[in-house]
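What follows is a pair of complexes built around subunit A, which joins subunit B in one and subunit C in the other.
For the complex of A and B:
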């Protein structure tokens, strides 16, 4: 009798499992067709010639790793990522906490979202007007008797790119942080205050631990959005911007133009491997149970 | 629980829909044409036959009409009420105007009569325009040059050729009209014109002997009135058999009764925006096309009619109207830029009957004169065509509808170029004429409409090639040729070229030759050249000597200066390892800055627009020359604004060169000094895609581009690499026997009233030999790399403008180029 019941139960669990798979099948098929299979093709191509498709072993990888342009692009991309993302997350968190307590938080939050609604082309045009050697910014500076410079053609271009990225994505991250903040029960704060906890202690001991799951999502999304900074950079400075803002996307863009699919494939595999390692490590660091 | 099964079923169905919907994007629907139906598809259903499957049959076939006399010009051609066709020509042998008839739609011709002597007496004047009616009468505009200025008169010729003057006086222009004309175009002193033609002075006689007539000073000093003419007739059209429409310089159109010369109606278009180009007749209606769009007038009442929106939209969509004709059945046919169209007033679309791309009608250098619809399946077209079979510059073509011919040839060959190439467009046209089974689909990457960047266009091309939908033939100008060769994008053409290599300038042909193969071959080339007085330029001197002259390049546009010297210097910068020589670029910019002097934005060259005219008749030409060419600055050199003229030489007009050099002291011309020596610029670089599925057809087409027929096409795209065609392009043979043809040019770089004038003449043999020898000496191809070129031009311009030092510019260049080369 017991055995019979166990078998029945197992059969029901299997059915449930199968039903679950059935539900994710359409989505999985899309991922398979549009991401996994093309990715497998990229991996295959990374061992072949660009147009003749002849097997080249690891030559493409060697070529890419020795390539000065690739090294520069990796260096700049890493630098950009490690400066932008922490800065963006922190600034957005501070803003979110302040806005959460403000009566006009909702309205101000919407204002922060405005840059996201602006098309990249408009932003690029604004950049040009602002940061050109004879642009508005230099006009203002000259009015203050300060010598201007060609902002996009020297090392300041990097900080312009950082500033633009933060300006554009701040609203989005604030919204995400505020969503996370609203999920924390007020009762916890009240209990802590009754126990004599200060505001700072409440923030450190209650707010931050409860925002772990939001942190993961915000970090990943900010990271992905950081790739989009390329659009503005490309529209303003073209294929070959100042070397401080020459990113992986510039390199891929130019390699694609020149039929260098072999190098592109190898570099893409290397980049995805690094990203995978980064995401796994980040997941582990944040303790997976909280956010999966 | 009761509906559990139903819910499951719905869930499964929705999942399936979602799944299928997700994959729907993978279908090949992307290839669906969204354009309106092509002309072939819109041919009349009655003429269509369906062969296998979807294949649409029926196409107008083009053939040259054999004419018994050499045609120097066609004035008009008209179908007669008895079914014959009548044409007014000028005989190329003697210049006489003749009227011919054909009773079999152009197969055989008989001369009807010669124009009366009184209209062919050059001492009295000349015939500007002539038009025919369906009853065989002709009306001509006779420009009388007796007395002061030119007086246009109308003459009516009966069917048999008896002339009688029409009592019509063209109203005089007001002073305002005159001023507006003077400010918008260049006009030639008609007294001089008459002298040039009929009473050559001592100077003119020397011109005929090869010497330049000096038109520099005396004309410039004369008053403005001497340079204006009275009112002139610009266009004339027959209206029925007893009226004509006459348009004049004031943009008025007069409806004139031929019987008494009275003006029935006057249509005024004085407003600049409404300016009329040409009136066309459709039944009793007059159509005019001007800046304000298409206007329709009822010639019975003289009143404007409601705008025909569909006509207007179609004309704007399919290009300008070149000619209109109506069949006996009242059907109207329009010759537009896009080909031949049929349209009925009040209709919604124009049916395309002949695709301009697949016939001579759309050829870049085909300028129609007359369209004659014999019926809705047969037509004749006369046009100015420098590449006419007759070699006389006039094409007389017959189009006959063939129901058995596929509407579109089965074979389609895709040809791609980044920039529009007029020589290719013209060559495609000639090729299709000879190969009616091939449709050559010419695609241009960068057009005014798509506003793409070079990089975007190249990426789109990459995608198409890799997807197997790319072009078969590539015109590689502006593309990374070396990269394409290295990546195996291009097929080896060495066997194709090797066949008769001796007939070509092999050193230019082999620009991209490697030990293994020859994948890209220039079909043309340009030469960096300079012209100027001995104080500023002496042929053969080096870059250092040339640029040591302070302010040598003053008044030039800084950007064009850097670009022009890029061609003569860039080839010396590339080191063996592919990197750029920093020291040489620094030296280049430093010396260029010295020769340029201080930048003065007020004197910056804003672009020359050249107004030209053939004094002895023929259409006025407005030539907007390319800034990098030698032609761009020659009038500024003549006008004394420039000390020296530099640029790419892409054509040889010896008369013009000589006329320019006469204006400077000890003038001379030769190779442009640069850091590299004996430089040429390969252009129209041809390649065949290794992904092409029609390599044989592609090879055949490319081979044609190197044949003499295609090589002699010259539209400022460079000199041909084929020797015979090269000689034909530089020898000025078109001026043989035209010793009275006087040319005049003026431009923004010359003082008001000043112009260059010279007698057109063939290039002397010694000059041909000298120029050929110069071409033989060219050994170094200019550096062909647009990324480096753009970077150098951008930074170099800043140096010449004084915005940065040569050292700073070079650092910038090296930094950007370093990344590019490393990629």
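For the complex of A and C:
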């Protein structure tokens, strides 16, 4: 009798197991076909020669790491990341703190979110007029008696891209920060103010420490959005932009056009390995808070 | 006394910050306003203002934000006189809605499975989904090409749509909203004899609807301005979506059209943005807020 009941309950559990899998099955089948299996093929190819399909060991990886264009793309991508992400996060934090305190914050927040909806082609059209050597920006600068330059064909192209990234993602990060800010209980501030703390002290001693966990997540999300900066760069500058904004995606595009699948495979494996480390850290940070 | 003085200082500081923020918001909006202004400006005006860039005149581009003689002629031009534009518009619609409808079916089902069922290896599967969601296109570019080549889907709109349908991002977003549905509700529905699909249809979908809309809004903005995939996998120009159509502004007679085309590309995204901003914010936050 007991055994019977136990059998029944395990079979019910199994049934439940099966049901959960059934719900994700259509999705997972697609993921398998369109992402996992081809990725496994890429890993395999990263060890094979491009033409003869002979096993070449780590030759492809050596080829990629010694490649000048790869080094340039990595250097630019790292430089871009380390400059624009801290800048974006800080600016967004300041905006979020100010907007949080105000009744009209919503309207301004909408304005900041708007660029997210602006398609890259529209941005590209605008940028061409704005940063052309005889463009709008130089017109403004000439009014201030400053000599302009040809912004996109110059090392300043890098800063244009940084600006574009911040402009596009500011609203996104403000929303994330405001979510973090709204999680801090007003009572803590009340108590601190009663004790005579100034606004600035409240910010340093209450707001900042409470935003630590948000900071981690915002950093990762901003990092992953930074890869999309390529869209504007490509549409404004094409396949061969100024060398200061030659990013990983440019490199992959050019290799793809030349059918250098061996190099693409090795570089894709290398880059995904680096990203994987970041992602696992991200997941850890979330996991600690019962995220999944 | 000191306290009052301090409060006064604070107010001035806050006003200053406010002014700065408002100015920044305007600067952020400037490109949007500029594009709209350009799209309703006549050819004559445009060639005067933009002469420096378009025809190599001396001086700089100097365009006022209000046209002297507003006209809709450029919009008429692109919609009536350029069938190619219409084809691109239609391609964009096919890609965007093809992906979103597919995600709606496949993604919400998977999200429900992850949110409310237990099965072996669930954590591992979900981690896999998160990893895939976070990898940029460049990493998956070659694998994408290999599979599309195998399935003979290169140079085909389905080759863009299928990988989009199985994107794991909407699963992640909707999952966040489904997990918030109380278990007690599901248990009581079960006691009343509800079947599994009824739980999904009558509980998950209505209660999680704001999450589903949030993922659709984010998805629309993403696929409406998709660049990398169509650029890589489509060779046939008649398949190009609007998002990779870069009109030539350097042609004197076409600059007005270029502005109008940009605005038309932007308009659907703007409408989705204005209609779905609350959902958009919820979707963004779903990536960050802890439970």
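The working rule: the second predicted complex is superposed on the first by the 227 of 292 C-alpha atoms of A that agree within 3 Å, B and C clash if a C-alpha of one lies under 4 Å from a C-alpha of the other, contacts with A are read in each partner's own complex, and residues count from 1 in each chain.
Convention: contacts are C-beta pairs under 8 Å (C-beta built on N, C-alpha and C of every residue); 3 or more make two chains touch, one makes a residue touch a chain.
No experiment lies behind these values; they were computed from the predicted model shown.
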item: First (subunit B), second (subunit C), both or neither touched by A:172; value: second
item: Partner chain in contact with A:256 - subunit B first, subunit C second, else both or neither; value: both
item: Touched subunit A residues, subunit B compared with subunit C; value: C
item: First (subunit B), second (subunit C), both or neither touched by A:68; value: first
item: Touching partner for A:23 - first (subunit B), second (subunit C), both, neither; value: both
item: Which of subunit B and subunit C A:240 touches, first, second, both or neither; value: first
item: First (subunit B), second (subunit C), both or neither touched by A:57; value: neither
item: First, second, both or neither for A:115, with subunit B first and subunit C second; value: second
item: Doubly contacted residues of subunit A, that is, touched by subunit B and again by subunit C; value: 22-23, 26, 30, 33, 253, 256, 261
item: In the complex, subunit C residues that touch subunit A; value: 6, 10, 14, 17-18, 21-22, 24-26, 28-29, 31-32, 34-35, 50, 52-53, 59-63, 105-107, 109-110, 112-114, 117-120, 122-123, 125-132, 134-147, 162-163, 165-166, 168, 171, 196, 200, 221, 224-225, 227-228, 231-232, 242-247, 249, 258-259, 262-263, 265-266, 269-270, 272-273, 277, 280-281, 284-285, 287-291
item: Partner subunit B, residues of subunit A touching it in the complex; value: 22-23, 25-26, 29-30, 33, 49-52, 67-69, 72, 133, 153, 238-240, 242-243, 246, 251, 253-261
item: Subunit A-touching residues of subunit B, taken from the complex the two chains share; value: 12, 15, 18-19, 22-23, 26, 453, 455, 458-459, 462, 465-466, 480, 483-484, 487-489, 690, 787, 791, 803, 812, 815-816, 818-820, 822-823
item: Residues of subunit A defined as touching subunit C within the complex; value: 16-24, 26-28, 30-31, 33-39, 41-42, 45, 95, 98-99, 101-102, 108, 110-126, 128-130, 132, 134-136, 138-139, 142, 167, 170, 172, 175-176, 179-180, 183, 198-199, 213-214, 217-218, 220-221, 224, 227-228, 230-231, 234-235, 248-249, 252-253, 256, 261, 264-265, 268, 271-272, 275-276, 279, 282-283, 286, 289-292
